[in-house]
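Shared chain: subunit A. Partners: subunit B in the first complex, subunit C in the second.
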Partner chain A sequence: MKWIYRRLIIVFLTIYAAITITFFVVRAMPGDPIDALAQELVWKYHMSYEQARQLAMSIAPFLPKGDILHQYIRYMINFFRGNLGVSISYSTGTPVISILAAAIPWTVLVVATALIISFTVGILIGMVMAYKHGSKLDSGLAVLFSITRSIPEYIAAIILLWVFAFELGWFPTRGRYDYWALEALKHGDVFAFVWDVMWHATLPILSWIVVHVGGWALGMRGSTVSVLGEDFVHYAVARGLPSRRIVVTYVGKNAILPLFTSFMLALGFMFGGSVFIEYIFSYQGIGWVLYQAIIERDWFLMMGAFDIIVVAVVIGALLADLLYGFLDPRVRRPA
Partner chain B sequence: MARGAGERSYLVQSVKWFIEDWVVEPLRIIVRNKKALIGFLILLFYIWMGTLGPLMTPYPKSFTCPVYLPPTILRWPPSLAHPLGCDYTGTDIWAEIVWGAPTVLEIAFIAGLVTTVVGVVIGIVSGYLGGLTDSVLMAITDVAMTIPGLPLLIVLATVIRTSSPVIVGLMLSVTAWAGLARSIRSQILSIRTRDFIEAAKALGLPTWHIVFREIMPNLMSYIAINFIFATIGAIYSSVGLYFLGMLPYTSFNWGIMLNMAYTQAGALYSISTIHYLLAPIIAIVGLQVGLILFSYAIDEIFNPRLRAH
Partner chain C sequence: MSEPIISIRGLRVVYHALRGVVKAVDNVSLDVMKGELIGVVGESGSGKTTLAMAILRLLPPKVARIVGGHILFDGLDLATAREEELRKVRWSRISYVPQAALNALNPTLKIIDHFMETAKSHGIRDRKWVVERASELLETLRLEPERVLNSYPHELSGGMKQRVLIALSMLLNPEVIILDEPTTALDVLTQYFILNLLRAIKEKYNMTMMFITHDIAVIAGIGDRVAVFYAGKVMEIGDVYTIFKRPAHPYTRALIKSIPTLTGNIEEMKPIPGTPPDLINPPPGCRFHPRCPYAMEKCKRVEPPMVELKPGHLAACWLLA
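Up next is the complex of A and B:
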């Protein structure tokens, strides 16, 4: 069980590092975030600067008075209480945490769907490639995938957007859902709303799949080829087991396991790349919020968005690890 | 006298061997491998763009194109004088691509190099020393691996406002080294128990000799491949950051061209301006493809066991 404790320590260290980085980045910024918030309040509510500054200090996630260590500890405590300050670019006074809570499910929807589809499709293609190892199909796909894997997803997204949304008009060009779908939802037509959401999410998901399927397929191909050379597979064949059982239980299961370790990297990569995908499709998930926060110089929102991306990736990676430990008893032993 | 001449001829012979090993033989391997040859030629073309290109191409200026004439499908279409056509400000696209190459290549090279060196050093130190050093370094590595690199870069770019390719390159390596450090460490762990290392230790050879002369040659092809992947990753992040407008810029850059085509020129809305969009896309993807294809020869170049075939 030691690996679980080690994993949990890394989880906390990672979140701690993320909070620390954002805090010092914002403090190192030219210009005072409290001042920016106060000025926003003056401009919006016509209050005196003194009043606005008092209000800004009371809603900021750290006290701007006192030494930096004091501020840092205060911010840390506030973070774990869920107080991330307020946004200045949204309607003033909106807590950052509620903006993030509204955005993160959409990113999770796109990233999780894309990850599951590209993992499944990639594994199936990878197995076919491994069984046809050395054939024209195998070597052709290997070169193709090694190239698609290195194409940035923002390029894939722009091309898909241009071809399927602008030229062919099959899919919407931007957004998470249409206005009419929200109205339909209010009238109880859940199906129409879900359909519209899927329709909007198709191109963002497809952008990920185009880029990621190749990586999974190549990983599965390599893994399957090495499992195929193992003695227990030859023995299973010699025992006359049905080939379906050998392919699924003996080879497939053992070949998939090592791929789980790539889940963490894929998750981090996809949550990070969401900034591009969501910017290109104006898809209002967490990446879009991070982009907007920086463009609007909304520093508390930026801190919160970055921290929440890290938390999401860490939790996702932890779940993948626990699942891996559950599926493969070998990793439970200390290395 | 005779001894001096002998030393000199030994030196000449060494230089000859060096050239044979690191210039002639790699070229032979590249020429034999069709994929690697295509990749090598693509890379040569990009290196030309990054070095001599700007000297041989006129500086991209607005309004260099003649007034746009409506009856063509493309706006400011490609012509003999302007091989890729012109963008919405009347600037020659080919010149913009060529003048954008040096920054992209410089950032990618520096970031790739720093990422690889840091990853290798941390991996070797961690794997070879073990103990507390190993635990601490691996904890840091795990944290760096888990923190999503791109959002971190975006956040860092808000404070580190720089257009210097060296600093951008350093910034891009901030977490990128972690994956390599981990895999180098596990390779070291498996190599250090092998017989020839035990023998070297028993002979009392110094640590630096064991690390650089006994262990490193086994890792060279792996490190070289990872240098290429690190470079590809750096191109992805740097062009992406410029595309989002997160980095200030002083010169031409493909990411900025992509952004202009996406936001300003309306290249998505009408097919008549599509060459604004396609030019930077082809430039970026072409470089990635060149690097990937070239990497097919790396294993053979750095792995003497494969060369024998």
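Up next is the complex of A and C:
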């Protein structure tokens, strides 16, 4: 049990270090929120820069005060109290935490669904490939997956958006749900709302799946091929075990072990990677918020979004460590 | 001796390698008698394990093929039997202790689960019976049933795992157990201990055992009969006493001379010169002739027939024909 405390301290230190780095990197970016807003006013209303900056200051009087070290200390204290500051660009003065809280569930919906589907499908295809190792099906899929896994998510997203939303019109081009669906929800029609949400989420989810399923399939294929060569598989056949049992408990379970950690880490990384996909589909999750924050130089919102992504990755790794023991008795620690 | 339980007749097994066809078992005929412990001895690559795998039909399907002969067991030809018939024979009637004992158990399952699933696969769903039977077997093998059954494979030592596999092979009270080098990975003391146990178990449960080893000395202590393999062929078959005291085949004689003894003079030990032949292009005639000190012209051209020197003692050599 001592191990768990050590692990938690490392988690805390990792998060602390990441937040610190984020703070200073964000501050090192050229420009500040007022400057960004002033630039926008200059561009929109053709004011002089001085005028625009005055106006910007009056619109958003939230520029942090004091030198940067004081600001940092104040930020850290507030952070661990659960106060991430207020947004500068968003409807002025909204707490960052409530903006993030509103965005996160949508990202989780897309990312978790995409991860579970691509993992499950990838694992199954990978096992079939391993069992048919060297066949035309296997080599064909291997080539196909090597190509799809090297496509960046945003390219896949743009292609899907173009084909299925613009050309075919099967799916919406943007947003999380339609206005009418929200009205329906207010009138108690939950099903219509959920349906509309799934309809909007389909293309973002599909963008992830197209790119990720190949990686899981190829990983599982390699892992399965090596497990198939293990003595315990042959010995299980000799004992007359039904092939179903061998495929699931002997081959499947042992082949999945090396992929499990990547699975847990993927959730966090997909959180971070959702900037592009959510931007392309104007899907207002955490990635979209982060994008907006960067454009507006909204320091607190930017830091908040980065920090959430960091926390997601670190928690994913922690869960992977904790849960791995349930799957593999060899690394189980005595309680 | 009683009647044969497994009759192998003219068995041929080949492997398809990149370089060509490997004739791993070539025209082998052998009877395994009911209730005996027969040793199958030979150098690495002489086809011993292939023979065992052929009996259970566990040869790697894409690479290996039985191209001829019969393996008769209780009216069934295992060489041609369908998979469904084989599944009924495997383990419940002929079981097997694998060579690579250290990695033969599923690392994610407890030992008890290995016993359970094996029983369940053969229609036994009575948990209590399995636990009792497994405990009895493990106790006979001098393991603590409680502790071992609730362990994962990685929590056991090599010798313990080996004994678990022996217990597992006896779970369904099979008529025949094939043991493929069951003691090779173990130190001499554990080896001695397990060999004695095997002998005792064989007597206690009246089982038939086929014991595959490259160590001819191991067979001397526990076997009833010995079959000597060389380059995919049987060179000599006989009871243990005859094979050790009056070996007829030059290969057997050379093999016995190469065993180190405690009291013997080291100078009397003689290695066999040369290496075993390439089984893709085996030498014509007798396969041992390139290494045989008595090789004649005939040996290089014509394969010697198996001749019965006296009842139960057979050898394939032109010196004896």
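Methods note: the second predicted complex is superposed on the first by the 274 of 335 C-alpha atoms of A that agree within 3 Å, B and C clash if a C-alpha of one lies under 4 Å from a C-alpha of the other, contacts with A are read in each partner's own complex, and residues count from 1 in each chain.
Keep this in mind: a contact is a pair of C-beta atoms (placed from the backbone, for glycine too) under 8 Å apart; a residue touches a chain by one contact, two chains touch by 3 or more.
It should be emphasised that the depicted structure is a prediction, and the values quoted were computed from it without experimental measurement.
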| item | value |
| --- | --- |
| Room on subunit A for both subunit B and subunit C (clash or fit) | fit |
| Partner chain in contact with A:Met264 - subunit B first, subunit C second, else both or neither | first |
| First, second, both or neither for A:Ser146, with subunit B first and subunit C second | first |
| Subunit B versus subunit C as contact partner of A:Phe119, first or second or both or neither | neither |
| Which superposed partner A:Val313 touches (first subunit B, second subunit C, both, neither) | first |
| Which superposed partner A:Ala236 touches (first subunit B, second subunit C, both, neither) | second |
| Which superposed partner A:Asn254 touches (first subunit B, second subunit C, both, neither) | second |
| Residues of subunit A touched, compared between subunit B and subunit C (which is higher) | B |
| Shortest span in Å between Cα atoms of subunit B and of subunit C, once chain A is used as the common reference | 11 |
| Doubly contacted residues of subunit A, that is, touched by subunit B and again by subunit C | none |
| Partner subunit A, residues of subunit B touching it in the complex | 35, 139, 142-143, 145-152, 154-156, 158-159, 179, 232, 235-236, 239-240, 243-246, 258, 262, 267-269, 271, 274, 277, 281, 284-285, 288-289, 291-293 |
| In the complex, subunit A residues that touch subunit B | 9-10, 13-14, 17-18, 21-22, 25, 28-29, 143, 146-147, 150-152, 154-155, 158-159, 161-162, 166-167, 173, 264-265, 268-269, 271-273, 275-276, 279-280, 287, 290-291, 294-295, 302, 305-306, 309-310, 313-314, 317 |
| Residue ranges of subunit A touching subunit C (in the complex, touch as defined) | 230-232, 234-242, 245, 249-250, 253-254, 257, 327-330 |
| Residue ranges of subunit C in contact with subunit A within the complex | 56, 58, 87-88, 90-92, 95-96, 98, 100, 103-110, 117-118, 121-122, 152, 154, 168 |
